[in-house]
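Presented below are the structures under discussion, each in the form of structure tokens.
There are two complexes below, and they share chain A, which is joined by chain B in the first and by chain C in the second.
Take a look at the complex of A and B:
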């Protein structure tokens, strides 16, 4: 259960832009264990999607990346393009946010699925079609034959997202990356898609990296969570600990701004706004918005320390970081 | 403040080569509710439920098909264009997407000045600086263009524009859906403060029950153009009567891992096309309590207790 499948170490990512260098990832570290659901949560622009793209090396040529992405003992950043193509979609699959745009509107679902299946498995068309039918059944789509002969626009958003999941699972991946998989769906549909993902995970035994801005989704499906802010992981914890005992001031802030449908409570917004990554604040990137800021915060970047078993935080308020440069 | 009675908005879609076939899309079908002075009425529903169309028809942005909307006792659908123009400043609207609802070629000053100029107001500069301050922006923002502002700041500009003519009612159409939660919290608090200070009524349209709960006193739940349930926000969300409301509430992922594993009711299927709604109760194909009558007869709108309405055969 607890073998490590993917390990990201000290990942830095810069984009060269017209306005200067955007420092998008600033030393990201985390592990994904076998069979677990790991959530990356954060607000727009915190770097959660780009972290996923870095794992698959789906980055534009303006990107400069350094660090390590160790998948099953091998550093993906050192692989050739040819080798990467064999990993993408086969060992690591991805489901994107918008099921409308991730399917080709001009081809029937069947053709698109057969295309994907025959790319990764060396089987004939007929056999692939059978496999597609079986996959559609496993994602609980009724009447697979009708779905196979439909065009994407004939299907609802929830159905399309199920098809994306079916395609992602076609080659038995070890890791499924889901980037905001339910953000475009209505809540009633969201619930059934999330439950489906968990069920399939149990059945096939892959790990899931889910990227989301919705702490409700995190609470309902993740085993462990990493909270990102402005290109850094500020806290990693098992899901229960994160909600019961958040340590980082940003995590605390994030938890206090979710409107709860069960009771009305005062929302306490964080002051200020997310910094520009072209010119991020020195030291801890959260310090200009933090209520507990100390002298060290603007000078030194806090490192991610384990405060209690499995609970990591990058903040000068905790652990050995307390005394860093006084 | 606002009484909506039997509001209907149908869209007619012509089909076929000669456009002979006409399909009727009943986006809003016989919706009634009232918004009290200084209070917020929340209209909640999933995509395609007709909540946005309802909001826009109330402001006559769409011509209504039938029904009455009384604004301070005046039936605004009966007014001529000229007469309506005199009342319109008292009603504002804020849209979901702050980027596309602000003209990218106008400065913030001009955006907020537009309604003021339209109604011949004087002392523009003074008023605009005051408005900017009221929504938490500074004088320096007046000369900027929307693309120089963040999503939250754009939404503040949209709020300032809606406030410019001192409205008594504002229709808020998913005003925070495009924003991050921390920015959403800032905007929600601002809206609440403005309501307290100025006594404005809000018609708050959203798919997010958490946000609805935060601002509204009463709430109406829409499904395929119909109101399914209405009442005080505490009782509707705390003790939902309609099976659809119950499912909607149970589907929300609660930000508390302690609530995990509670399976709850999973709803079958997805919202059907409003072009071809199911007969009888529109929810019956997805309802686990559906009886024979549900497929045949549309349930009536019944008041089960004072101020608490539901449209379901389980309560008739």
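Take a look at the complex of A and C:
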């Protein structure tokens, strides 16, 4: 087993809003190992993207954060802004959801890539252009010279997302965070972009944190998966185990709404909806929607326990948490 | 070249553009096209006082016998210099402050915006009058006075744009790649928020000329015998009933100039708006 690259421990995040304090992250814990693809899945608003932004510390000033984000043995939450800026893009890079708007419409691709490359490497413009050409080739864009002299609106979504990946990889980061990188793309383009990411991962040996709400994407590229619900990690498991043997009632619910064309089974949606984070339910935040709710669920927040090797779940139905119900 | 074609697409914008081009040419080559350059600069010619328009004096003469056409032509220089410098100076102060306030937000924003509030609390012309009467008369002081009462509008405009641009994904992406604040401001925020400023500034050159004329009219701007449209109207107003050509021609010059800058500003707005542009191309 390889070493741990990034470890998030007990991460709490509150946003001060006009309506009160929104408790967005409620003690998030997970590790990303070297060379693995870790998926973070959950519904819109469950805190996936905010978790990613916390790693890079790109949060608005209304955010209060506590806990630890340990990257290569150092707590990123204790770094100065300048130190943090040198980590962004150099050691941890990010690819965003919408490639159509992730590039500045007014400048050619070449200039934007050179900007990023020269931020982290002290090389001349000419050399940086050569490096950009090489990066574009590595993300399988044909005719790099034409791409470099194009404006963003002249390229397709898939091409732009490849450019974003190329830019993210320009200084060999150890961690690539991909926030719904394929949501805005066609299914076929989606597949080729995911395959490209896996291939580059093998080639350069970085880890990937992929954020998605698409379980198809998870099945296709992840090694391990964390399931998030309303600011909590409710289950972490290797990808096969999660699909074969989901433990948490929420994970079961998510898997039960994947349509299966081979059966005529009706989909069984989860009842209720995501709670307001301004005033979340006490105890387990999922308990108002859970079919197996017990007395303890509304009193105590279940902790994340390892039920079998590599399979963690935060639920009062399992492990030591059973005793907590009293 | 395509941009110019786009700009001159409609009749109105083409008219505005060509009027301004001719005004600039008139201003630059004033000494060559003026019939009476000496009179234009102020030399009196008392034998020919208050003559009506004729072949030798197409716009008539003023109360000191000077050719009104010559003085209107030389006045173009004064007006253009004042209009452009007021707006340029105001942009030079207002633009960086707006970018800083909008991008950094927080306390910096609060301080800059309260300062602009103080300036905006006074009507611009009143503030300019106050400043001009404090620092003294004259063309340079009038330019300073107008620019000082003008820049807060640009700060507000640019700040609003910067706030909206800094939320765009490409700025977030640039931050996530470790690009520094100054580079983000220069590369991403400034180019993407400057078009409304260009439009506003173009229209404002017309208004600045008008305000400069107002200052001169009130005696706090350009001083005689410098040829200036505002000053000519001010001197000519006493003769208006009997000798209307004296104040009317400089008045017409102001009117045409202001309208031309407004037409050009409108045309610029259309051609700088990428959504409109895409439809037109």
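The working rule: the second predicted complex is superposed on the first by the 319 of 326 C-alpha atoms of A that agree within 3 Å, B and C clash if a C-alpha of one lies under 4 Å from a C-alpha of the other, contacts with A are read in each partner's own complex, and residues count from 1 in each chain.
The rule is simple: a contact is a pair of C-beta atoms (placed from the backbone, for glycine too) under 8 Å apart; a residue touches a chain by one contact, two chains touch by 3 or more.
If you're wondering where the values come from, they're calculated on a predicted model, not measured in any experiment.
Look at chain A after the overlay: chain B and chain C fit there side by side.
Contacts of A:14 after superposition: neither chain B nor chain C is touched.
Once the two complexes are laid over each other on the shared chain, residue contacts for A:89 go to chain C alone; chain B is not touched.
Using the contact criterion defined above for the overlaid structures, shared-chain residue A:54 touches neither chain B nor chain C, since it reaches no partner. By the touch criterion defined above, A:158 reaches chain B but does not reach chain C. The superposed model places chain B and chain C at 80 degrees from each other around the C-alpha centre of chain A, with the value given to the nearest 10.
Judged by the touch definition given at the top, the superposed model places A:138 against neither chain B nor chain C. Touch criterion not met for A:22: it reaches neither chain B nor chain C.
In the superposition on chain A, A:213 makes contact with chain B only, while chain C stays out of contact range. More residues of chain A are in touch with B than with the other of chain B and chain C.
Closest contact between chain B and chain C, by C-alpha atoms in the overlaid model: 5 Å. Interface of chain C with chain A (complex): residues 105-106, 168-170, 172-180, 183, 187-188, 191-192, 274.
On the chain A side of its complex with chain B, the touching residues are 43-44, 156-159, 186-192, 194-195, 213-220, 239-240, 243, 253-255, 257-264, 267-270, 273. Here chain A touches chain C in the complex through residues 56, 58, 61, 85-90, 93-94, 96-98, 101-107, 115-116, 119-120, 164, 167-168, 170, going by the rule given at the top.
Considering their complex, residues 46-47, 150-152, 180-186, 188-189, 207-214, 237-238, 247-260, 266-267, 270-271 of chain B touch chain A.
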